[in-house]
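Per-chain residue numbering starts at 1, and chain names A, B, C and D are given in the order in which the chains are listed.
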């Protein structure tokens, strides 16, 4: 191991140092420094992103560094940049929120950076040990973030539930890892893949290990039946945190999911596919139907994010090259549209947890046509109506299922996405077709940063819907790293 | 400059208008004159550009040449394995297509759209600045979406427009959102459409998997060249696409949203829910005529749904008292005619009827808007009457449209409707695809619907324009003719309703096939089917010669006399000194006939004994007796008992509503049970996870 | 004596195994959390013994230091701090759901056991010697682990330090009393 | 001879005990202890396999699992204290404001 191997690792090192610095800066700046701190945090994310572009890209093909712990490939770069963008947007969205809340911003921003660091490791880990550690870094940061508003009953409760279930899932995950290790004698992804390609036996110990690891991953992406934490954690968490955990960690979890199941475990596809099929179908059905009767917007979006995890899982079930890149594209699209939707939830949260009920949106189109139009775009996109990005994402994922011969899965998903329109449009109905006769209509948060971030999300959502080719191109360049096609 | 190479600009003009009005005028509350100028320029440029492009295209290239303008590659997806193990490039480009089918649609959509923009200026002048801007921005956005739908060169682009018009329709239905029922009507429209859309999406997927492309110019020639190879797939694709069309074009059983959609402003009803959007389904079926022709079952289903809808909706129309509701059911019925036409292989006639219907139905709606405007917003015909003297322009233009829809020679509707009925009869006579007797029944339903149409339309005219005014004195005082912005579109459309049919004079009358302009024009769209088509295609060919000229004249005379009979019955019932007397006396003198045909109680009893009790029992057995279902049914009973509808009562709107509610209830229940999994405390969640994990493991081990 | 020496490993294994399982059962059945904690300590010690039995001396030491020494003290500390007796006088179990939970857990375990017993493990390797060898030189287990940890697993090692930092932040945030935020009833006001 | 399978069965028993404990105990602190049982079970597996395979990476993984478990325990105990302050309870099923 030579020192030069550390060069591609520089972005991560920088981010860790930045997080630590932010912690110290937070103490000295105190509660008024929310905006400065989040600018600092976003700045360090930007520097880290530049570093990734400068030194983290795979020159001369994908390879591993630092004792085979990390991959340097375009797949990793794709997901690293994606999760960092998501974190950056959340940081800027949350600045005003923290300012209003009086909870200290320093730790908050540092935790988001540390979680991002964990996600970067998840995106590039080449060994089950490094993947596990990255996953736990992300998870622990999330537990703390969800419970960050510790004097809110809901926040604390959400954190407690998330923590207990998260720890259980990580227990299942490590048990699975131990079985894989027992069967193959290695924790290195490359060696695992090589071993599976050569022997290709239906070894029960091995396959059980794979499936238990799969359970751990299903938990992280919030798929049925490991979704149970989602609604409560989403509802309880401070809204910027909800926005955060609904996108970044989910994208990172899918990165790891793809890395493991379409990378290392791909030769055993025939073995684990049935489990993922059932989980995907159940997730799509459950998420959409349970969302129908939700009155709390955050909770509704939680179920919606369960459903979206189900759509993305379909690409993994397909197990093809197209399945792989369609999930990559889907995660990008989902990140922006979901962040945008949560941005509006933040915007309406002027009084305590007001702006969380569907009825709080009544008459919004009349009072704030621009806001309503933006929300409409995100709802359309989440429901998968063209020409928004959400349609593209679904189209790709469903096509991958049809191509792989899983037509019924695609049919289920299409029917359920038709159902999903109902709950997304409950908000639209409130905004456009109701009068909002409340004595005191909920005012909007005036925060230019928030507006700007929502604007970015609107732009990306529309741009990808109208012209998705560049994103698909990038994703396709990333997919070769996994050696599928 | 070749305008036809820049057809993608046509939809962009209204989009720009929508953007300016929606983002600037609405936000800043700019003056109305600015708003409608922008909107008029947006739609007007689309009209001018569209027509210029079409004329130039015809002159330069001829109608047999298809112009395809590709903007860029929209969806790119690498190489995919499709059915049959072949590989195909999964690419969809953002491309637009100008051929005779889209030319016809662009031609009348932009034109009627522009007229309705003018009309809206007068109709909406009471609105405040901001809603006014919002209204026009939605209207322009609708034009944009509709043009994308029409011009799209492949199914996905068409689908963009398809969803877009649905959204705009939804927004415009709910425009008066102060009224709560408008909101629910908008929701209903969107959801019902969405049910159809899932068929459309699956159809797109399947098309790609079968043909390896979704571009019209690529799939249709292939399908037409190998009819036997693709016959079964074409049937499935056709049926899936038709599910989409049923939603968008309000066919049984997805028609429920259209009558409710009348909650929107009247110009919107005219433009979207009569002239343009609802005909999108017909356009799509005609566009994909190759698939339907090589898949006879799909075609038969189209014909059956169309024919039954035509008759069924017409019967409901007889009993409505709300002027816009009559027109709404009439639209559903006329759309049924169009599908009947497509289903019997008369694709040209279907499009012909789309065009003439756009003229006279838009006119009818605009006329009714004018009436409603005069009656201070009242829509109940029982409170109207005698308006002929006050608003002559409205009356005479309305009369022209009424004659057109009733199918009186030589008004526009006569030609198109007669051609559809003639083709339906021919299909029966030539035993098309071996389903001859079905086509005979459908032809009979069509004839019956023609009678009813004439009846209810003249009932409407007599109740509205003749006799004495039956509203309050105050309202009577307020009666006035509409401003010129509203009258002008009426006059233009009135002229078109009279002469519009001349573009499709049948060979029978002129003696020359070349006088049937629309058939010649649309000929390139109807691709010839290759050899080996089997009896299906042969049968379509046979229908052309199945009916001798003499029989054709007879049919013509029959439909004309049927229409006149309908008018006469309406006249004797609702016109003159003893208006409204006759229905009552008729009833008293012929109690038996009354019982058979008109007695709502008699039908009600059958209906009560069979349908309702059955459904109630079913509901009891299958579902946890939910209050909503019963509500729907109880509403249905009440409606039937109190209402004046007769035959239609069997499938009354409210029952369909009840069934729709039933579906909703199932989802609601499921949602409720699913939510119960979310018990609220961590150990319970852990239990769900562990049990779920055990179940998944068991599935794995078993399989 | 001969029996003892021949089966020494087996005997030790079974003794420790019984101890570990007994401790585990104790954890989930004792009503008093302090008793549960002590049983858990028993399990930890037994597991540490089992580690030694499988030539993982360093891990055994870590197990003792971190678990028995660190985590256990933390548990007892918190139990004292929150005064469990006062706050949870009623039943320690979710009795209504307990049977279902036990069945679920046992079924899950049985399914995994079925799979593991039907499957096979990887090839037998060099045994204890391999765990004490670095580049051909026989060293102690601790040194071998140190070599691996710092030569190959440096990245996770560094990342795990951040994990501990996050845990520290979390513990501080949740644990400390915020003078400024107390008494606001836990509601967020602008 | 005591093979790796013996260890797997033992670890499975501990795993199941931990999972059951997690589901039946109301007390958050005991739940946390059950979680430690699960992690110990995985470690036991790893150590046994490591010895059988003559491969050190299992032991390394175990070290990381122990470390992470310690970190999780710290956060979990912090949450217990916060919960106790807010609701005067450490029972998990009392934290049930949100459901459905």
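We take it that contacts are C-beta pairs under 8 Å (C-beta built on N, C-alpha and C of every residue); 3 or more make two chains touch, one makes a residue touch a chain.
Predicted model, so just to flag it, every value in this text is computed and none were measured.
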Legend entry - Joint neighbours of chain D and chain B, given as chain labels: A, C
Inset, instruction - Report back the single chain whose CA centre is most distant from the CA centre of chain A. - result: B
Legend entry - Approximate Å spacing (C-alpha centroids) for the pair chain A, chain D: 26
Legend entry - Whole-Å gap between the CA centroids of chain A and chain B: 42
Legend entry - Where chain C and chain D are represented by their mean Cα positions, the distance between them in whole Å: 6
Legend entry - chain B and chain C: spacing of chain centres that average the CA atoms, whole Å: 68
Legend entry - Interface hub residues of chain C, defined as touching at least two other chains: 94, 97, 101, 104-105, 108, 112, 115-116, 121-123, 125, 152-153, 156, 160, 163, 166-167, 170, 173-174, 186
Legend entry - chain A: positions in contact with at least two other chains: 129, 132-133, 136, 140, 143-144, 147, 150-151, 153, 160-161, 164, 168, 172, 175, 179, 182, 185, 207-208, 231-232
Inset, instruction - For chain D, jot down the residues that touch at least 2 other chains. - result: 4, 8, 15, 18-19, 22-26, 31, 43, 48-50, 52-53, 55, 57, 60, 64, 68, 71-72, 75, 79, 82, 86, 92-93, 95-100
Legend entry - Pairwise touch network: line, ring, star, complete, or other: complete
Legend entry - For the chain D and chain B complex, residues of the former touching the latter: 19, 22-26, 31, 92-100
Inset, instruction - Could you please specify the touching residues of chain C with respect to chain B in the complex? - result: 94, 97, 100-101, 104-105, 107-108, 111-112, 114-115
Legend entry - Touching residues (chain side chain C, partner chain D) in the complex: 9-10, 13, 17, 20-21, 24-25, 27-28, 33, 36-37, 40, 43-44, 47, 50-51, 53-56, 58-59, 62-63, 66-67, 70-71, 74-75, 78-79, 81-82, 84, 87-88, 91-94, 97-98, 101-102, 104-106, 108-109, 112-113, 116-117, 121-131, 144-145, 148-149, 152-153, 156, 160, 163-164, 166-168, 170-175, 177, 186
Legend entry - Footprint of chain C on chain B - complex, ascending: 683-684, 687, 690-691, 693-694, 697-698, 701
Legend entry - Touch list for chain B against partner chain A, complex: 22-23, 26-27, 72-78, 80-82, 90, 94, 134, 156, 159-160, 163-164, 167, 171, 174, 177-178, 180, 182-183, 186-187, 190-191, 194-195, 197-198, 201-202, 205, 208-209, 667-668, 670-672, 674-675, 677-678, 680-682, 685-686, 688-689, 691-693, 695-697, 699-700, 703
